[in-house]
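Encoded as structure tokens, here's the structure I'll be asking about.
Letters A, B, C, D, E and F name the chains as they come in the text, with residue numbers starting at 1 for each one.
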Amino acid sequence: MKLIVAIIQPDKLDDVHQALIHAEIFRITVSRVTGHGQQEDQELYRGEEVKPDLIPKVRLEIAVNEAFVEPTVTAILGAAKHGEGTIGDGKIFIMPLEEVIRIRTGERGGTAI
Amino acid sequence: MKLIVAIIQPDKLDDVHQALIHAEIFRITVSRVTGHGQQEDQELYRGEEVKPDLIPKVRLEIAVNEAFVEPTVTAILGAAKHGEGTIGDGKIFIMPLEEVIRIRTGERGGTAI
Amino acid sequence: MKLIVAIIQPDKLDDVHQALIHAEIFRITVSRVTGHGQQEDQELYRGEEVKPDLIPKVRLEIAVNEAFVEPTVTAILGAAKHGEGTIGDGKIFIMPLEEVIRIRTGERGGTAI
Amino acid sequence: MLATQRDPVRTFVPAALLLLVLGVAMCVALTPAAATTLPEQPPVDTGATAWMLTSTALVLLMVPGLAMFYGGLVRTKNVLGTMMHSFAAMAIIGVLWVVVGYALAFGPNVLGGWVGFDPGLLFLRSIDTTVSTGGIPDLVFAMFQGKFAIITPALIAGAFAERVKFRGYAIFIALWSLLVYSPLCHWVWASDGFLLQAGAIDFAGGTVVHISAGVSGLVAALYLGARRGYPRIAMHPNNLVMVMMGVGLLWVGWFGFNAGSSLSSGVKTAQALTVTQVAAAAGALAWVCIEAVQHRKATSLGMASGILAGLVVITPAAGVVQPAGAIVLGFVASGLCYGAILLKNRLGYDDTLDVFGIHGIAGMAGALLLTFLIRAGEMPEGRDVIAQLGVQGLGVVSTIGYASVVTIVLLVVIQKVFGLRLGTTAEGAGMDHELHGEQGYGLLNLN
Amino acid sequence: MLATQRDPVRTFVPAALLLLVLGVAMCVALTPAAATTLPEQPPVDTGATAWMLTSTALVLLMVPGLAMFYGGLVRTKNVLGTMMHSFAAMAIIGVLWVVVGYALAFGPNVLGGWVGFDPGLLFLRSIDTTVSTGGIPDLVFAMFQGKFAIITPALIAGAFAERVKFRGYAIFIALWSLLVYSPLCHWVWASDGFLLQAGAIDFAGGTVVHISAGVSGLVAALYLGARRGYPRIAMHPNNLVMVMMGVGLLWVGWFGFNAGSSLSSGVKTAQALTVTQVAAAAGALAWVCIEAVQHRKATSLGMASGILAGLVVITPAAGVVQPAGAIVLGFVASGLCYGAILLKNRLGYDDTLDVFGIHGIAGMAGALLLTFLIRAGEMPEGRDVIAQLGVQGLGVVSTIGYASVVTIVLLVVIQKVFGLRLGTTAEGAGMDHELHGEQGYGLLNLN
Amino acid sequence: MLATQRDPVRTFVPAALLLLVLGVAMCVALTPAAATTLPEQPPVDTGATAWMLTSTALVLLMVPGLAMFYGGLVRTKNVLGTMMHSFAAMAIIGVLWVVVGYALAFGPNVLGGWVGFDPGLLFLRSIDTTVSTGGIPDLVFAMFQGKFAIITPALIAGAFAERVKFRGYAIFIALWSLLVYSPLCHWVWASDGFLLQAGAIDFAGGTVVHISAGVSGLVAALYLGARRGYPRIAMHPNNLVMVMMGVGLLWVGWFGFNAGSSLSSGVKTAQALTVTQVAAAAGALAWVCIEAVQHRKATSLGMASGILAGLVVITPAAGVVQPAGAIVLGFVASGLCYGAILLKNRLGYDDTLDVFGIHGIAGMAGALLLTFLIRAGEMPEGRDVIAQLGVQGLGVVSTIGYASVVTIVLLVVIQKVFGLRLGTTAEGAGMDHELHGEQGYGLLNLN
């Protein structure tokens, strides 16, 4: 099993979520984060242009069985891009996941995902 | 060492925290997340029932030595259930953790946990 | 590749960020968390001293190639301490990272980090 | 804002306009005024003046109140953009009203009574020191009325919240104020306005303010289309706590709005304030009870909506109904608005913050139903209920007809010439970031 | 809300009540009133009326202010539910007061002076156009007093915040208002009320409003028991920023509360406003200084609490003490309240937002201590300090006794019949989600 | 707060001071006052009094408004500490003004007119029942003026936001109020003040309030130095939504500030209210247009800043200019302030919330430019524009000179004796946690 963590642009959350559902990934956990990367944003403060060094992003956390890793990645890649891909579109990280337990039932492993 | 990530219902945070302390797990990191799973919630907006597709959850992050993995899981399973277990009670994810460093002292490994 | 997760004190975020940039770690993801550990904080509420059992912390998530693990750790250790190190300064967790994908381009692996 | 970047001309429109106004103002300011103090005029009634000054302040308080109410109901990414809609009305109409709006609304009939005009009223010059028969300085009346002119376009903004460009919006409300509000205001409140002449009762603006705003909002919502993803995606209010604060300020401000409309400080004022209070409470009570029955839960937004429905319905009637009647109106209004909103959801158009569903519906209900609840003796000379109902209907219909026609024309023109509807990407990223380069709640991110 | 789902009967109670009121109101509204204008009555004093109208608006402003103050102090999951307590008072008492509350409070003595009653005052019909001797329309007085009736039960809510059902709360405040507030109000402010007759001084409601709310809150807190996990779990205020906003509005509104109670616009009004301002400042100053000494830190909640303590203590005394006396009262009140709250923490009962600790304690302090600070010449005819202290004590004791007894009876009945205390799971999940199906800060989640 | 912990003496300073005031107040309160009612005095004008009472409440509303405006602009960790600066002014000056401030400001000349004094005015004893020629009780005037005394030091706080100790700040504003504000107020508004005698026009406090606050703020910002990391780190406003609410309340409150300064309820009041409204709108409009041209985006903070600039510039001129002139002033003020802030960013000093950039600059602009826009007939006897400009310049220059000199002295002394600038670690951790032991938004963490 793998734990897939994706950092995406906030405005793409809905599209990505839809794409995942189409790929039959129904369970995700989402949180607000801020990130620093190549992307440069710009805000205004009393006539000055300010470059925030941390930009709002959304973090997705998805636990999947091996078989679903590629579909998940494809779904995200397909939905998270701005146009042909713009700086700041984000990253996907894949980590090994040794165990999953469903609290409700206590079941473990792949079926619990 | 393992990194245990648990997604639980917000109203169970206090119980789970107590249970962990009884199990002598004293150090945790907690954050607000929202999740999508089987659970269906329901809110009202001007006479309409709205189904938010992301429901508030709490994410626990706990780094433990092997010996503590089971106690931790048991503590969470014991405290995070609503009744006999209700949809939405959440999940526990266990990941390998290669290194832990205590910033204060710089010590590494199991003792730093 | 590794995923480095660091829990630090909020007031050190700026220093740590600067240190990472000096160490040429340009990409990070940051989020607000609360933590429970040895540290004891204290707040006031109508004449009473209250000990919050969860204290605000900042969580850094940094994906790096092997070569950058030590520099990253050193940078954090150097910048996140209060004085010679104070209780509550936090922890660094290092996890294996199997794959990184840059959403914009779809590139994978070390170069995508 | 790419469009803008490619189009300096449009960009400099604001600047040009600004300089124009500035220039004119400067000339006016520097040309010495003819002595305007008339030989003898009624003495000032310091008490009535004090209450009108207070009412003016109270109605102004409604604008931030509205900004909070609307701002809290949209999504986080649009909170500032939505509040800006209210504040922009303060800035734009605030100036426009003084320059020319008041002259159009309260000057003597021109163009066959379509609107009024009196050059002396430009920049309020000729009323600098005059006092009306009621003992209230005319400037106070002009400012009090100016607040109504400010809040009306701000109300409309709720109907197309989260999806319009700021510049287009600014131009829209400026033109709407001149072409829709001033005429309607003239018809109903100017001494020679045809609806006033006809004996239509609109104490504090049920037609001029609420019906016109509700109808124009509906037209705009239909013309501009729904927000991207509506209704599929659940769009949660970002801050219901602020919504409650906002409605609290609206309630307080409404005392100025209605009781101030008595243009005095006496029994009539007391009656207006009383029924305003009662109708708001009754509306709130009715709404939460309806919810309790339908959903077994009473919501805070329901409470707020009921308050608003009650306040709107009593607005045209505040001078003529008694407390018991106000309770009836409050209850009925909440019932009707509640139903109207459910209906909207069936029909599926996106009147985002239910401007028509509340201001339109409750406004009409008040304007018409007041006929049956008029205080003994307040009925215009030798009119029976049916006759009066006809007159009220005339007011409602002409308001609806006029407002909707002119609004649609304005929308089409502005959309074509300046652009009004927000582009898809900009809408996705949110108004705060795209249009204003800010974020409402910095506290959400680390700083 | 499972209980509710199983119990349609209870669910339809609100609806039934609503329809009843609606029906009655309709009848009343449609039956033509006997011409109520008395042949000759005092002329209106437009100035005094203007100030009373303003005061009415200012006191109304205290309700959202209170909602913000209380709402900010509870936990995030209960913020809306807590604000709803204040708004529900506006809706319910807002209607009830007009229907019957005012008649009970200000009608002539009935039942041996336990309460007043005058059928003509139902729906405020008989005062539709009357003017009081002070030159103020009676309707204004009725509305001004109505705001006091609204805010008092809203104050109580702080004592059992975060743990009551909405329906039970709604029924509680309705009955409390009729059975506790109206009688107390009658005793102290009706011309034939026995405490007024006895010469008890309560300028703006120290006993009627603050002591009664404080005591009733204490009783309720003890009867309903502590919140789950209290005091083990640290329960943090969700929004101290809003608490500060709220206390700001409360301070402003209190000017209407106290200075308005002079029922005039003159020297007495000025004196009341002055000491209100001074006592609030003194209270705040004292509280933060005490904190600075005890903890080396001055807190914003301490500032807010001190302001409140000062405002409460001066309420009964606003008409009779001078600025120096107000400073003394402010200081003393903060000291006493501060101590009372520390004591509460030792005793361990859960008066959640310290309604008794602040309103109860400071209310009593004001009602009693004012005796020693009365302005030369304001002491009732041929009374010495001790005698007056006795009278004041009588007022305080009778208020405490009556309020506590009736309150406990109401609580028991409502808890048994409708359910008041929130269930454990519902309490855990929070009122906003469980009772209202909403969340206060949508901005916290992604939307 | 380590310093404090090591230094009990300092800690007990507040307590000592408190007890002192308390003691004195007690004595005063208990010594029977000489009967102060003068045989015959002008009758009360209930209308004018009503408006002045209202104005007093409105100006008080500006303090929470300012707290919200400033509080929303700083970083999350300092939001409460910043709001406390405004509230502390309410508490400290609120008491101080009554005890001695008013006596210094409005007593007859002493020390060659440097300041006034009249022992009878201590604790406002001698005006307990007096009525001024305008028919307004003197206590109302004292309270109205007191609000100005409160808000002025609170304005300064914006210049050194996020980096001062609370105790040091408290001592600073107390001394500043006595040594800077009272004298300036005396010069400009006391009947025998030298600037008033000289015929300087300052209707509502352009010099006394805004220039003095702006200049003192600038001096303090320079003396205390920039915040740690400024300007390298982008420091984001934590809550622009609250900033908008705050500016809304400021606008409303300003009606009391300016229109109240007419000390009447008539034509002059109406004129002041009108130009206040117009200038604010014009300022907002100008600012957003400038932004639209320079950045193609109009910001909400720009809207707020423009409103403020307009309100400040009209303050000294509110009594003498007409609407057209107000438009001109509003436009010019926004242009100047906008430029001044850009310039500040070049110069790189840290006037955190641009107190000088807005209050200083717009205050001067208003005080000087009003000369060219005076209403026909309002120009003081036999003065031409140039002569008047000279007098206005005198007012501005003496204010700047006096305020800056005394302020720098105060700063140095307080910094040395009590400590004012926050230590590096404390500044890093934030004022809310370090100085007040609280956090503003508990909702951000789980609770």
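Rule of thumb we're sticking to: a residue touches a chain if its C-beta (ideal position, glycine included) is under 8 Å from a C-beta of that chain, and two chains touch if they have at least 3 such contacts.
If you're wondering where the values come from, they're calculated on a predicted model, not measured in any experiment.
**Q** Going by the contact rule set out at the top, which chains touch both chain B and chain F?
**A** Under the touch definition, chain B and chain F have A, C, D, E as mutual neighbours.
**Q** Walk from chain E over to chain F along touching chains and report the minimum step count.
**A** 1
**Q** Over half of the contact pairs shared by residue number: find the pair among B-F, A-E or C-E that meets that against B-D.
**A** Overlap exceeds half of the contact pairs only for C-E.
**Q** Tell me whether chain B and chain C, two copies of the same sequence, contact each other through the same residue numbers or different ones, using over half shared as the line for same.
**A** different
**Q** Return the distance between the CA-based centres of chain A and chain C, expressed in whole Å.
**A** Measuring from centre to centre gives 19 Å for this pair.
**Q** Counting only Cα atoms for the centres, state how far chain A is from chain F in Å.
**A** 49
**Q** Please tell me the distance, in whole Å, between the geometric centres of chain D and chain F computed from their C-alpha atoms.
**A** 33
**Q** Taking each chain's centre as the mean position of its Cα atoms, how many Å separate chain B from chain E?
**A** Whole-Å distance between the two chain centres: 43.
**Q** Of all residues in chain E, which are in touch with two or more distinct other chains?
**A** 45-48, 50-51, 54, 79, 233-234, 236-237, 239, 245, 295, 297, 299, 301, 436-441, 444-447
**Q** Residue numbers in chain B touching 2 or more other chains?
**A** Each of 10, 30-32, 34, 43-44, 53-54, 95-96 in chain B touches at least two other chains.
**Q** Taking the touch definition from the header, please name the shape of the chain graph: line, ring, star, complete or other.
**A** It is complete, because no pair of chains fails to touch.
**Q** So in the complex, which bits of chain A are touching chain B?
**A** Spelled out, the residues of chain A in touch with chain B are 3, 17, 26-31, 61, 63, 95-106, 112.
**Q** Enumerate the contact residues on chain B facing chain A in the complex.
**A** Of all residues in chain B, those touching chain A are 2, 5-8, 31-38, 53-54, 57, 59, 73, 76-77, 80-81, 85-96.
**Q** Under the definition above, what is the set of chain E residues touching chain A in their complex?
**A** The contact residues of chain E facing chain A are 446.
**Q** Any idea which chain F residues touch chain D in the complex?
**A** 45-48, 50-51, 54, 58, 75-76, 79, 234-241, 244-245, 247-249, 251-252, 255-256, 259, 264-267, 269-271, 273-274, 277-278, 280-282, 284-286, 288-289, 292-293, 295-301, 303-304, 306-307, 321-325, 327-328, 331, 372-373, 375-377, 440-441, 444
**Q** Quick check on the complex: what are the chain E residues that touch chain B?
**A** Interface residues on the chain E side: 77, 229, 233, 425, 428-430, 433, 436-439, 444-447.
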